[in-house]
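Here subunit A shows up in two complexes: once beside subunit B, once beside subunit C.
And then the complex of A and B:
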């Protein structure tokens, strides 16, 4: 479990997740806040389907009964100077 | 900020067909795609398609983008294609932010068709981050787009159509397929694809999955084991496969996060592969003027993605105030094609899934 990677971006293992779940965490959003899982460059496109299954199994329910994570813009990494340059162009035009 | 009539996210089979039908009604269309090449997943599909002639059966996937682009040419003055550009967000007022290289900009479309497709599912097993462990899509891109051989000895995990087809393509490229594993008790893909492998003496082990991977610098061995009826590995059934590549082909999941952000009502539907938007028969989501086409609202094939694209394009055009003399005939024909593609035993799953997200009366 130590070497089973769930979130590649933040290097979160199955062991990390199981420790959190046995400490009383029950929701994906909580796991995100504790570990940054799903908040790296891929924005959860790899790990979310794994974590959904793990959390559902832990809570003894099917996946459609658990709370999904909230997806927020942007869907990939953007540099702040790209956004500020974009805003400047926007004001000029 | 630039305003546009219709923005289409994704230039794969669904997005291109949506652009054709919307432009044919008179709408101006901006298509945005993350890649440099137009065609989405078609650009690596060197195999011939099945199905009906209307969805380019017996053509190779790689040839279809050019056929569709040729059709788009007749509406050249109405179409703008922005490649190498990622749509970063769709906000609740429909403003879209886009990153193209270093250039970050916004557009405000009146209507949007989201045709972003899907991403590959992965598996959790010990040492699943060793170099040499790939998704089947990645292997297909390496071989068929870039001409790079992924490795010498491969285990394929997943005997669905993608797993079977990519295995065969690897053999054609001179790669040895040591085994094809599938957790399910039966082969998921079409028999015709499985038979091609069986004739070449490739073992297809159903009811098997990966226990763990081993290797120091990169993948050296996959240890597989038999699964019981509860999908748990059975101790003592381990087999060791000496491989330098493990290719994971365990399905796709819709790339639907732009729709969640835009405020569309979403639902987890296992039959459709993940979190998908609620839609009506016109392929419009719960947000006015945001439509979907293709795998983003449920994993199917390129053929159904194309037909959904045509339908979404027509209804988006109609919402924008355009009309076509034969609008109703076209819609009826496309809907009939979709019903055909989803008919029979193979379509059970997808029909069940669509019934869970379809609003209004029309269910399939």
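And then the complex of A and C:
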């Protein structure tokens, strides 16, 4: 379990998650806040499926009873310079 | 189910947890903390988590300084099994108007008087602290090296665990739906699953404090407003202090994890409970940060979110008693309740137990609005 990485962005192992679950944590949102799981560059696109299943198994419920984490904009990383008007104008001129 | 408690705290944010811990530490038994969602689900888990002592009134300087001293020893005091990640690399405040610059001068004088190690600095000195600071639009700056930043989830967790060890009971996913008042006194708290008989209720409901006030018929002069914030991908350590400007409307810091967190206010926002992320914020934020800290423009935004500021007419918290006996307020933090939390916890516990307050906060009682004695603080975002 020590070597099973669940979240590749934040290097979170199955053991880390099991420790949290056995300390009384029950929700994905909490796991996310404690460990940064799902908050890295991929924004949970690789780990969310896994974590849902782990939490469901631990709580003894089916996977569709587990609240998903909130996915937040932007959908993929975008540079501040690409958004900023000032920086855009500089590039154009 | 019917239960009994000495004290019921509504809200499992940093304020509610700090109050619970302080009461339990003073020996109070049978304390219950309720949250309608999970711990830190409110503003606490959404905040920038910057902590500063550079305030413009003596009371705020004292509250902030005592809170910083608490953070310095919090892992030990709370016997935390983790680390609250307190980083003290200062707040660099930059002024873009003469008025703001003059205010910094006055503030620093006051801060030094109460023992805060802040100083007024030149723009050249500011650039030594943050070399890529664009000083073009700036006039002056102030710096306090012991200001900083810490992890809001972990600080709340540390309070939560310490309070639990002292016997405090926490019930999550319990929404307080009503509070019964008999003969002007608090009598019972009603949630979706329980009824709790109690003589004391603390309103630490953050963005929802007005609704909880209405349950006992107290009209709290606060409203809630969405404040947005974003985070970038992490990079190697680049920026020591928080950089902040009231007039340019920006705060931006690098967390120990390496990501940059930044936010700004929006005067056009309407009061309410919506905490959506908007394109407008992303757009304005990008403009502001690229203008003041140009190389940050090369970083990718990975996430943006919003949270509720609970705002009072003078942008100062409301602390303590009100006209309903047994009903205490710790609300209206107006965007700086995280950095005050250690003192919120101590001061409210002292008030409930009828002890003399460590710092005089009588000017922050709800009566000030009726008397027209607003407590004006010049240095708020």
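Rule of thumb we're sticking to: the second predicted complex is superposed on the first by the 84 of 93 C-alpha atoms of A that agree within 3 Å, B and C clash if a C-alpha of one lies under 4 Å from a C-alpha of the other, contacts with A are read in each partner's own complex, and residues count from 1 in each chain.
To be clear about the criterion, contacts are C-beta pairs under 8 Å (C-beta built on N, C-alpha and C of every residue); 3 or more make two chains touch, one makes a residue touch a chain.
Here the structure is a predicted model, which means the values were calculated and not measured.
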| item | value |
| --- | --- |
| Joint occupancy of subunit A by subunit B and subunit C, clash or fit | fit |
| Partner chain(s) touched by A:27 [first = subunit B, second = subunit C, both, neither] | second |
| Partner chain(s) touched by A:6 [first = subunit B, second = subunit C, both, neither] | first |
| Computed vertex angle (subunit A) for partners subunit B and subunit C, CA, steps of 10° | 150 |
| Subunit B versus subunit C as contact partner of A:50, first or second or both or neither | first |
| Which of subunit B and subunit C A:85 touches, first, second, both or neither | both |
| First (subunit B), second (subunit C), both or neither touched by A:74 | both |
| Residues of subunit A touched, compared between subunit B and subunit C (which is higher) | B |
| Gap in Å between nearest CA atoms once subunit C and subunit B share a frame through chain A | 7 |
| Overlapping contact positions on subunit A, where the subunit C interface meets the subunit B interface | 43, 70, 72-74, 78, 83, 85-86 |
| In the complex, subunit A residues that touch subunit B | 1, 3-6, 8, 14, 43-46, 49-50, 52, 54, 63-64, 68, 70-76, 78, 82-83, 85-86, 89-90, 93 |
| Residues of subunit B that touch subunit A when the two form their complex | 1, 86-89, 91, 97, 99, 102-106, 119, 121-122, 124-129, 253, 255, 257-258, 260-261, 266-270, 274-275 |
| Subunit A to subunit C touching residues, read off their complex | 27, 29-30, 33-34, 36, 39-41, 43, 70, 72-74, 77-81, 83-87 |
| Residues of subunit C touching subunit A in the complex | 38-41, 45, 153-154, 157, 231-233, 257, 277, 282-283, 285-287, 289-291, 296-305 |
